[in-house]
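There are structures below to look over.
First chain A sits with chain B, and in the next complex the same chain sits with chain C.
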Partner chain A sequence: MTRNTDTGDDSGDAVADGGVAEGGQRSGFSPIAALNERFGSDFVESSQFWLPPFLLVGLFVYGAIIWNLLISLTDFRGFGTPDYGDLDLQMYSRALADSGFIDAAINTFILLVGFTLVTLALGLGLAILIDRNIRFENTFRTIYLLPMSLSFVVTAQFWAWMFNFNNGVINIVITSLGLGRVDWIGNPDIVLWAVMFALMWQFAGYAMVVFLAGLRAIPNEHYEAAKVDGASTVRMYWRVIIPQLKGSTISASVVLMVFALKAFDFLYSLVGGYRPPNGADILATKMVREAYANLNWAYASAVAITLFLMTLGIVGPYLYYQYNRGNL
Partner chain B sequence: MSNDARTDGGTVTEADPGASAGLLAGIDGYRVLLYLGLLGMLTFFLIPIESGLVTSFKNPSGVSGSLPFAPPTGGTFTFEKWRAAFDALGRGLINSALYAIPATVISALLGSFAAYGITQSDWKQKYKAPVLALFVAGIFIPYQAVLVPLSQFWSMVPLQEWLGFLWALGINNDYAGVVELVVTHVAYGLPICTVLFRSYYKNMSEEMIEAARLDGASIRRIYRRIVLPLSGPMFAVVLIYQFTQIWNDLLFTLVLVQTESSAAAPIVLILAGLGTSLEGQDFALRMAGAFIAALPTLAVYIAFGEEFAEGVAT
Partner chain C sequence: MGTLELDGVTKVFPDGDGEIVAVDGVDIEMRDGEFLVVVGPSGCGKSTTLRMVAGLETISSGEIRLAGQRINDVKPQHRDIAMVFQSYALYPHMTVEGNMAFGLEESTDLSDGEIETRVADAAETMGIAELLDRKPADLSGGQRQRVALGRAIVRDPEVFLMDEPLSNLDAKLRSEMRTELQRLQDELDVTTMYVTHDQTEAMTMGDRIAILNAGELQQVATPLECYHEPANRFVAGFIGDPSMNFFPVERDGETLVGDVFDYSLSASTLDDVGDVTDLTLGIRPEDIALAGDSTGDHTFSTVVEVVEPMGDENTVYLRFADAPEGETFIATVGGLQQVSAGDEITVEIPEETVHLFDGTSGEAVHNREIDE
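After this line comes the complex of A and B, so read on.
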C-alpha cells in the first residue's frame, strides 16, 4: 500500500497537530492506520458501532431534506416521477401569492408563540407547587405528566368531546357561570386558541418536569438567604429563583416549539381528515394536505422547506448555545 | 434533602410530619391554599380523561341527556360502544404492535451502539463534534420536511418483491407497510436514542473501561462485557420513551399505510377516522376507541412513570 503518499502526508499533519498520542501506529502505511492517525486511535475500530446508525440518520434525515429541497424546485405534481431537469423557485413564489399559505404561516407563528408561553407559565406554576415540600408528590407529578404519554390521536378525541357545542364540559361550565355557549371548534376566530388550550393541557406536565429539575438544582442556601432578607414567597421566586431557571426555560421552550410545529397529528384527528377546522390550518397540516390529498408534491415540498427553515431558526441558535456551554 | 427551607412559615406542619390524621392535621391557611391549588390542577388534568371514560359507557340518550362528566346511570349504561370500538380497532392493536415493538428495540440498540462508538472511544473531539451535532439536530427535524422524499423512496424500493416469500405464505401484501414503518421509525428515532444514551455513557465510570483497555480488550468486547450490562437503566428509559413515541405517532402511518381499510392499518390510523360520519359524531364510540388505543402506552406509563419522566426531561 505504498501508493498512499497523500494519506501519509495527511497523517503527518495530524501528528504535527499534536492530536495523536501513539505515533507507533504508523508502521505499515495501511489505510486503516492512516485513518486512525488522522482521526484518532479508535476511529476505525469504533466505526462499526457508530457508522451504521450515522449513515441511516444521514440518509433518512439529511439526505431526505436535500432531496426535498430538490423536489421543491421542480414542478412535480400528480402521479409519476419528478423532472429534475427544470429547476426554479416557482413553487416559492406561488406560496407567497397563496393566501392560504400566508394564513397558515401566521397561524403557525401564533400557535408557536402562544402555546409555548402559556405552557411554560403553567408548567412553572406546577413545578413550584410540587416543589413546596408537599405530600403525595409522586402522585401529583404522575397525574400532571399523564397526558404527555397519550397519543395526539387520543387527546384529540377527548378534546373534541370537551369542546362539543351542546354537551361538552367546557360549555357546560361556561353556561353554569351564566355565559352563553361558544362554538369552540366551528368559529374560525376561536378555534386556534381552543387548540392551544388543549395542547397546553397535554404538554404542561413536560414543562413541569423540566422546571422541577431546574428548581431542584438550585442550592437551598438561595432560598434561605432570601428568607433571611425577609423576602415574601412571591418575591423570593420572582427575584431569586426564577432568574436561575434560564437554562430550563430555554430547553423547555425549544422542545415545546418543536411540538407546536408538529401539531399535525392533533389537528388531523380532531376532524378525522386532511382539512383542519377553518381558522386552524397551520403549515404542518397544509403541507400534508397539499401532498397527500391534492398531490401537489413540489408545492408541498416548498411548504415543508419553509417549515424546516422555521425550525432551524429556533433550533440552530439553541444548538449553538448548548455547544458553547459544552453540553453537546 | 432538607426541603424545610422551602416552606415559609409552615412550621406547624413541619413539626408534625407524621400526623396520622392526614392532610388536615395542623395545617395553616397557606397549606390549605397550596393543596387546593394542587387539587384544582389535578381536576384540570383528569377531567378530559374522566369525562371520556364515563361517556364511553353511555348509550346515545345518556350521551346527549346527561352531564358529560357524570357517570352513566342504570338505564344509560352500556358496554356496546366498547365492543364496537374493539371490533373496529382490534386488528389495529396487533398491527401497531407488529411495528412498534421491533422498531423500539432496534432503535434503542442502534442508539446505544452509536452513543458508545462516539463517547467511549478515542478519536478526536474535533471530528466527533460534527457527527454528534448531526445526531442532536436530527431530534428536532419536523417530519414534514422529509415526507415527500420518504414516499418517493419507499415507492422506489422493490419491497413487494423482496418480501415475496411472505406473501407466498398467505400474508396480505399490505404488510409491506409494517416493514416500511419499522425502518422509518428506527431511522427517525435514532437521534433521540443516541443522545439519551450519550448523556448516560458520558457519566459512566471510566476506570473499568480503562482497565479493560490496558488488558488489550477490543472495543467490541468492552461493549459486550462492560458497557451493555451497565446500560440496563438507560435501556429502560429509552425503550419506554421510544415505544410511546412510535405507538402514538400518526403521521408516518398516514403516509406509509395510507388508508384505514388496509389490512396492516395501525390503531392510530383507524382511531383517527372512528365515529365520524356525515350523520354526526358518535362520541361514546370515539371515547371507547381512544381508551383502547391508549391502553398500551397508559399501562407502560403507570408501570414506569419514573423512566418516562426521565426520558422526556432529557
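After this line comes the complex of A and C, so read on.
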C-alpha cells in the first residue's frame, strides 16, 4: 500500500515536472513531455534506473549478436583482422555443403526433440506419482531434483565413468546379466542416445518440479468431479488433468530445448576436449571447435548464427504465446 | 429405483495417535425422488456424509445402499450418481458443451449424436443453450452454477448429490436459484441429497431435513416438524432465524423457577415433564407477544435494549426487568409497532407456544401445541 502511495506521489511530481515542461511547450516543442506522453508519465524520470542496464545489455548481448552476424558474412580466419569490405553468404553455403555441419545439425535436432519429449514425459510421470499423496513425498522430490543441481561438468564425468567400456558400472551390470558389453561412447550409432539418456536423467527432476507445481494448482474437485462423472484414473488424467498442464508443459519445454541446444558443456566435459565422440557432434561443439581449434572465425560465426536462429525459433513462439496471454 | 439408505454410516479420520469421529452412526432412508436437505453447522460431518455417498471417502463402518444394492465398495465412477460441487469444478479447458458431455462420454456407450441431443436438451432446460460454445472462464457465477447443474442433470443419474451449490452466489441470485432448483428437482423427480449450512435453504427446499451436529444425526423430519416439534434443544436452536430463546429453569412443583422469573405450568404440560426437574424453557421470538397489561399469568415486564427494524417486523432485544444488563432475549414484533430502546414493555410468553427440554440431555420433553 505504502508503495502504491509512493508511486502516486511520484506521478504527482511527474505531473508537476510536466507542468514546467508545458511551460516550455508554449514556446515550441518539449522532448521530455513528448517522451512522457508516449511512454507513460514517469518515463524520463525513471530512466536513470533502467537506462544503464538497458544500454549494457544492448551493447553486450545485441551488439555482440550483430557483430557476430557481421563476422559470419566475412571470410575471416586465422590471425589478423576481419575484412568488413567484402560481405557475402559464402560461409553459409559452405556450411550447407559441409557434411560435418549437416550431421551436427541433424544431431542437434534429434537431441532437441528426443531429449525434450522424453524428459517431459518422464517428468510428468514422476510428478503424477509424487502428487498422489505418497509417503516420503519431500524426500523423493529432493532425490529427483538433485541431479539438476549438479554442474554439467560433474554429471558428464559421472556418466563417462558409468559408460566406460571396461570398468563402467553399466557394462558390469549388463555383463553380469550375461549380455555382451556395449561401447556406449565409442559406437557412433549409440553415443547420441547415451548422451540423451544422461541429460534426461539430469533434467527429468526439473520437468517434474514444473509439472508438480502445475498439478498442485488444479483443485481437488476436478479430480473428484471427473471420478463422479465416470472417468477411470487413466481417462481422468488424460482428459481432465493433463490438458490443464498446458502452461507448465510450454514453460518446461522451452527451458529443456534451450538446454538441449547448449549441451556443449556436457559433451565437452565428457571427452575433455573440443572433439566430441563420433556421432555426437552438435552445432554448439562444432561452433566452438571451428572457432578455437581451427581458427575459422567467420565459419564458426555462421554456425553460431544458425544456432541463434534455432533458439529464436523456439523462444519466439513462446514469448508470443505469453504476450498474447498478457504475461509480458 | 433411486432409494438411498444410510445404515449406521460412520467415518473415522486418524488424527495423530488418536482418531476423530466425523460421522457417527448416521441412519437415513431416502425415498425415490425425495429431496433431502442435510444441514448442520460447520464441521458437523454433513459434507463427509455426502462424500461417502459419492464414493469420494471410504466408509469406516455401516452400509450405504442404493436401490437395495450395497455400494460401500463401488468406485465413484460406477455409482450412477451426479454431484454438484460448491466450487462447481467445471473443467476450465473444455467448453460448456464439453463439460456437459464429459460424464456421458465416460460413463455411457451413447453415440456422439445421442450425447449431443441430450446435452442440448439439458442446456435448454437450464437456459444455457446459447452458452454451449463458451469456456467456463467466460461465464458469470450464476451461469457457471447453471452449467454445473446442467452437467449433473444431463447424466440422468439415480441420485443427485449437491454440496452447498448456492453458497457462492449473491443473495438475490441465491433465492432465485433456490426456487429454480426446487422446480427442477420436482420436474426430474430424482432422489436428491443436498448439503448446506444455511437453514433457510433447508427450510424452503427440502421434502425432509436431516440435521447433523458433531457427526450425529439429530433429527430427520419435514421442515415444519423440525421447526415446531424439534427433537432436541440443538434442532430447536439451529432451525429458525432469529433462533429460539432458551432459559435454564428448575421445576418446583407446578412452577418453573428461572434466574429472574417464575413460570407456572398447567396440568397437561406437567404430564409431559414427568419427574424431570432440570429443564430448559424455549420460546420462539415470534411467539412472544406484547401484552397490554401485566395481569395475565405469563406476563413479564421487560426493558427494550436494542431494536433492529427489518421493515415487515422489528427484531427486539429484551431484558427482564430484574435481569442484569446485556442478558437479553429476542422477540419479533410487527413492523408498525412503535418500540424503541429504553422502553419498558410488558410481554406475554403464552404457555401453548412453550417448548421444554431436558436440561442435561437436551431432549425435548414438551413441544408447543399446533392447531391442526
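Going forward, the second predicted complex is superposed on the first by the 292 of 328 C-alpha atoms of A that agree within 3 Å, B and C clash if a C-alpha of one lies under 4 Å from a C-alpha of the other, contacts with A are read in each partner's own complex, and residues count from 1 in each chain.
Note that in this section a residue touches a chain if its C-beta (ideal position, glycine included) is under 8 Å from a C-beta of that chain, and two chains touch if they have at least 3 such contacts.
Quantities reported herein were computed from a predicted structural model and do not represent experimental measurements.
In this superposed model built on chain A, chain B and chain C occupy separate space and fit side by side. When the two structures are aligned on the shared chain, A:V57 is found in touch with chain B, with no touch to chain C.
Look at A:S151: by the touch rule set out above, it reaches chain B but stays clear of chain C.
Shared-chain residue A:R289: touches no atom of chain B or chain C.
After overlaying the two complexes on the shared chain, residue contacts for A:D229 are found with chain C alone; chain B is out of touch. Judged by the touch definition given at the top, the superposed model places A:Q244 against chain C, while chain B stays out of reach.
Angle at the C-alpha centre of chain A formed with the centres of chain B and chain C, after superposition on chain A: 80°, rounded to the nearest 10.
When the two complexes are superposed, the chain touching more residues of chain A, out of chain B and chain C, is B. After the two structures are overlaid on chain A, the closest C-alpha atoms of chain B and chain C sit 5 Å apart. Where the contact sets of chain A with chain B and with chain C meet, they give residues 224, 227. On the side of chain A, the complex with chain C involves touching residues 219, 221-222, 224-232, 235, 239-240, 243-244, 246. Per the touch definition, chain B reaches chain A in the complex via residues 2-8, 10, 23, 34-35, 37-38, 41-42, 44-49, 51-52, 55, 63-64, 67-69, 110-111, 113-114, 116-118, 121-124, 126-127, 129, 131-138, 140-153, 184, 186-188, 190-191, 194, 218-220, 223, 244, 247-251, 254-255, 258, 268, 271-274, 276, 281, 283, 286-287, 289-291, 293-294, 297-298, 300-302, 305, 308-309, 312-313. Across the complex, chain B is touched by residues 19, 36, 39-43, 45-54, 56-65, 67-68, 71, 81-82, 126, 129-135, 138, 140-162, 164, 166-169, 172, 201, 205-206, 209-210, 213, 220, 223-224, 227, 233, 236, 254, 258, 261-262, 264-265, 268-269, 271-273, 283-284, 287-288, 291-292, 297, 300-301, 303-305, 307-308, 311, 314-315, 319, 322-323, 328 of chain A.
Of all residues in chain C, only 54-56, 75-79, 81-83, 85, 87, 89, 91-93, 102-103, 106-108, 151, 155, 161 touch chain A in the complex they form.
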